[in-house]
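Read through the structure below, which is laid out as structure tokens, and then see the notes.
When the chains are written out, they are named A, B, C, D, E and F in that same order, and each has its own residue count from 1.
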Amino acid sequence: MRICIINPNTAAAMTDVIAAAARSVARPDTEILAVTSSMGPASIESHYDEALAVPGLLRVIAEHPDHDGYLVACFGDPGLDAARELATAPVMGIAEAAMHLAAPLGRGFSVVTTLHRTIGRAADLVDRYGFSRQCLGIHACDIPVLDLETNPATAEILEKSCREALQADGSDVIVLGCAGMADLAHRISDAIGTPVIDGVGAGVGMLSSMAAMGLRTGTASGEFATPPPKIYSGSLAGFGDSART
Amino acid sequence: MRICIINPNTAAAMTDVIAAAARSVARPDTEILAVTSSMGPASIESHYDEALAVPGLLRVIAEHPDHDGYLVACFGDPGLDAARELATAPVMGIAEAAMHLAAPLGRGFSVVTTLHRTIGRAADLVDRYGFSRQCLGIHACDIPVLDLETNPATAEILEKSCREALQADGSDVIVLGCAGMADLAHRISDAIGTPVIDGVGAGVGMLSSMAAMGLRTGTASGEFATPPPKIYSGSLAGFGDSART
Amino acid sequence: MRICIINPNTAAAMTDVIAAAARSVARPDTEILAVTSSMGPASIESHYDEALAVPGLLRVIAEHPDHDGYLVACFGDPGLDAARELATAPVMGIAEAAMHLAAPLGRGFSVVTTLHRTIGRAADLVDRYGFSRQCLGIHACDIPVLDLETNPATAEILEKSCREALQADGSDVIVLGCAGMADLAHRISDAIGTPVIDGVGAGVGMLSSMAAMGLRTGTASGEFATPPPKIYSGSLAGFGDSART
Amino acid sequence: MRICIINPNTAAAMTDVIAAAARSVARPDTEILAVTSSMGPASIESHYDEALAVPGLLRVIAEHPDHDGYLVACFGDPGLDAARELATAPVMGIAEAAMHLAAPLGRGFSVVTTLHRTIGRAADLVDRYGFSRQCLGIHACDIPVLDLETNPATAEILEKSCREALQADGSDVIVLGCAGMADLAHRISDAIGTPVIDGVGAGVGMLSSMAAMGLRTGTASGEFATPPPKIYSGSLAGFGDSART
Amino acid sequence: MRICIINPNTAAAMTDVIAAAARSVARPDTEILAVTSSMGPASIESHYDEALAVPGLLRVIAEHPDHDGYLVACFGDPGLDAARELATAPVMGIAEAAMHLAAPLGRGFSVVTTLHRTIGRAADLVDRYGFSRQCLGIHACDIPVLDLETNPATAEILEKSCREALQADGSDVIVLGCAGMADLAHRISDAIGTPVIDGVGAGVGMLSSMAAMGLRTGTASGEFATPPPKIYSGSLAGFGDSART
Amino acid sequence: MRICIINPNTAAAMTDVIAAAARSVARPDTEILAVTSSMGPASIESHYDEALAVPGLLRVIAEHPDHDGYLVACFGDPGLDAARELATAPVMGIAEAAMHLAAPLGRGFSVVTTLHRTIGRAADLVDRYGFSRQCLGIHACDIPVLDLETNPATAEILEKSCREALQADGSDVIVLGCAGMADLAHRISDAIGTPVIDGVGAGVGMLSSMAAMGLRTGTASGEFATPPPKIYSGSLAGFGDSART
């Protein structure tokens, strides 16, 4: 079983963190490939960055066919629907996966993300996935994405944000709101005595489960069938060929 | 990793179907234990049956501590909250697991269950889990639970119901609405060319993912902490001891 | 007109409180029968207790046919759907009844219940009955169920909780969240100058209204028809006969 | 106990039907006063009629203080919030009362009203009261309000509409959508074998229950306190005095 | 293009404020007619006032046919549906218009209205128009409607309330909750650096857009067709003729 | 007043249709600039196309600062949130604008779009904007986007689809689901006697209204502030400078 994880920003160091987190929870029979996007923003901290990360992630999927699942490793879950049209194997985002795994683990969960300005996007995803009742709050620890690995106080600040979220929301579970936090889930969970969910691990788990069951994205309604052929122009001319992987 | 699956009715033949389905998708490092309830109804086809299946399933959990996950193998998801208080490992129902796996696989899913009278319960679960937008219809194939294995026309009737549901609802995915259908998911999926989800496999997958990530039911809000000690009377006197497994 | 009230825990003293509250508001032509469950938990303070109270309450209904309405006197409304299949007369829970009576009395209501851990269950009932907009908050006074009658400070603590709930939620009405509080509704209402609703009285009122109008649970969709006959095993073997009362 | 029922249109014959239906289900200790509005439309079949029926119904309430409950006998529930500010006793509309009584009697209810153009108003009330999940359909029998009593085919047409609604919606209960149908509920219920709810009876039942419990509209949030004094002009100058009854 | 604005209270000074605000934003080719109601309350501060303002506003519409749009200049949006049946041109309320314009301007908006007791009505409108997710809070500045123009501290108090709302709700936009605040939108927006929306300007903009596109209220479903002819009695006898303008 | 309309696909002929529709309804004092994207797909008929149209539309906005409003002329409303961060003037999508204008014009609206596979995206937008109750159905006429102008039967097929939608949904208003249909709104409205809304006209109207009121996208919550500076790589390297227009 082969799972392809796409880091849709161009920060290779973050891809390493993601790959390690993925491998630590993967099934023994699962091979993890983690790929860094080659075009677009260095980190994703706005709707603008997120929109412009999508071409790069679609490129990665097109260049890596023959996998049993694709995981988009950015908590904004950029480009999911487009990726589902392109890939024949299931596609998940890490926010989506984390929330699906969090919901059955208690009365409700709190999300703790990076910058305050990304809270709105997380709220939109909560609504879209149907977790309005289960998500009891979304909070920011106010550490920029690329500082997560370099700021020596990251773990401490994040732990504090998680404790406060738990208290403010009366929740039972924490969902970490950035792929770059993947290595901290266990440490914080141990510290605060509450399940803390990293979306990378959650996504690997859910995609592996789908793969083991032989499941692919359904195309019966036509929405997720291969996109109709189309002429593409300008610097995106290379995207005209959207044959499913 | 050890997953305990509880068949909350007393039909041992159905437990065998469930165990086989579970093992066919389990991680290589996962041991599946499937246990038949020793008290209550022979099959679950009403709210009455479902309510009276709960003591038996709680008994199974209490008698099988030290597992990494518990799966309740009845599509009505009976007794989930009570089981979560009792077990220290995560607990899922097969309706819950199937819906969580179905949602990311397309625009929407249809449920195909056994008797018409169980549609209401499935609808309640859809609402509770947050899948009102993703679940596009709930249908009955009108085969009683215990006839699923013995009726030679089961596969044919069920396949027909699935086709009709897909057409009527414009959905991309089928969710099978009974643990006793677990052995038919692949066959129907192949026949109709659409992902067909069996909740037993889905539950094993999600619980294994939680276990691999070290996740347990959260108790921070207190709701799922061990129940307060209490005197129990009558034929349920033995349930007074509810220490978590 | 005969209304049967079931106390689904085994505490007979609480049944007396319930019966007195019911009789104080019943129609002159209504006979109240209050029955204590003979099996299961002494009080209901967890999902576990609640699930295990259901067999006892179904037993009471089966043993008391020929009533015009059945009221389940526990604020978790355990076993309502099963009871509706079993009884030919209407069945209500006290949470359900209290919320239906509270909604038309103002902009919104606050629930004040016993232990903090039961808040989640009340929230589920609010959603299920459709009162998400009307219920503005759920609060706990943190008095265990069986201490309500014996703790000399109960009235004072509960009154304080009600005042705080009203203030915090901006609500117009208080719903008391436990059958054991039935005798305190008037006293607290007088003290805080706000309608305070006891579900026992509300349930008697609504069931009497249904009875006067000749209404029974509808069975047209089949969901609440008599459960199919079934073999029951173990200590629940006696429940196999589920003919409607 | 005294309940005042206001027919907000000026058709006195309809008031007689309403009064009879109310008395047939009232508590033995309850006195029913049914009053016809003296100003506004002869029947209510549009938003325009409904809006212009409100002054007349407020006038009736102001002229009949000292009652224990007020029931607005038009299925559009006109002027409820204004009436609640004016009256000290609880106020209900017949749509509101019928829906509250219908919800606990099955999986869902269907509304059968008079003219097609009133379906939208009924849908708004369903949403407002929180019964979006319980109301499975709203249907019109296309008999004008004032023809209900005079058209010899009313019962037959209405029965047919009820049967069709039940079938189309998969519901368990019928709610009749006009006060002028109050005398037909039993006959239709007997014919179709399903609970059929007349809002007049339901309203008398719920208001009597509130009165027996000593409940009044809550004013803690201020919304339903007596309106601030105000100068009124023109043909409505007489409404300046809005002291609560 | 001709837009008719109805001030549904009888305070002519407020009509002047409204007219000025409307003209300051109207298209160059648009004529604004602002009319004061001649019957009913001097200001609208309760459900009672609002209900009794509707006859007067319907009278204004009937007396001013041949306009391309009608704007009801009271934030409770009284009588909208009735007005839509009566007028052939589109009808909007200022709360409705303000919310439609506010939603696309940010993550969410806060409403700041006059008296605390009117918050409930605003909340009902938010639900009705579909802005439950976009409206993040409703606040009162506690200035009576008719004091808005005469109280020298109005601007200061209102500005303070807007700042507090923005902070408390985390919103991006302010909606002013009274037609009498129309002249203060720019001043407060400049002071707090956030878009502040006056519903009068918003309504003129939306109705002009509809008129420029040749749009009228749709009558295909029949709900907003001309009301059926009807006898009207008492002091409202003159309303019997409801032919659409 | 200057409004910039972006056609996010590369079909210049469609931009001409859009510009003409916009100018026909614009205020006399409004200048319309319609710009065709220079990169990405020739038409937008899938999630894949839509995602890849966003860089081109952001480029257009960056290259055309100093406008008073930006309209994204594709019914999938691609890149709205990113565009709002980039532009200082308000940004709307044509689906968003059409729905806001449709809602006040009747009980509900039907959307008629191009290909069946785009229905899902329209449904997501309906939910996001809050129009779940107002949108009564979404239908496809099954004409590819670029065939709308060239297929001689377009008007006839589209008119038929609109009639069927109106009938099936019981709606009062039609919303056309593609910018390429902008020239057909009046013709179809005249034919079917129902308001038919083209999102281009609706968007010009709403943006002009905002501009006349001096409104800009709110940035108080930070979500729509200028994106943080960032290194961009690959063929999207030029997008690193995201200073607001």
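Observations on the structure shown:
Going forward, a residue touches a chain if its C-beta (ideal position, glycine included) is under 8 Å from a C-beta of that chain, and two chains touch if they have at least 3 such contacts.
Bear in mind the structure is a predicted one, so any value in this text is a computation, not a measurement.
Counting hops only between chains that touch, subunit D reaches subunit E in a minimum of 1.
Centroid distances built from C-alpha atoms place D farthest away from subunit A. Separation between the centroids of subunit E and subunit F, computed from CA atoms only, is 27 Å.
Mean C-alpha position of subunit A lies 44 Å from that of subunit C.
Each of the following residues of subunit C touches two or more other chains: 107, 120, 127, 133, 221, 223. Interface residues of subunit C facing subunit D in the complex, by the touch rule stated above, are 25-29, 90-92, 96-97, 100-101, 103-108, 129-134, 166, 170-173, 185-186, 189, 193-195, 197-198, 201-202, 204-206, 208-210, 212-221, 223-224. For subunit E in complex with subunit D, the touching residues are 10, 38-43, 45-52, 54-56, 58, 79, 81-82, 84-86, 115-121, 124, 127-128, 144, 221-223, 225, 227-228, 230-237, 239-240, 242.
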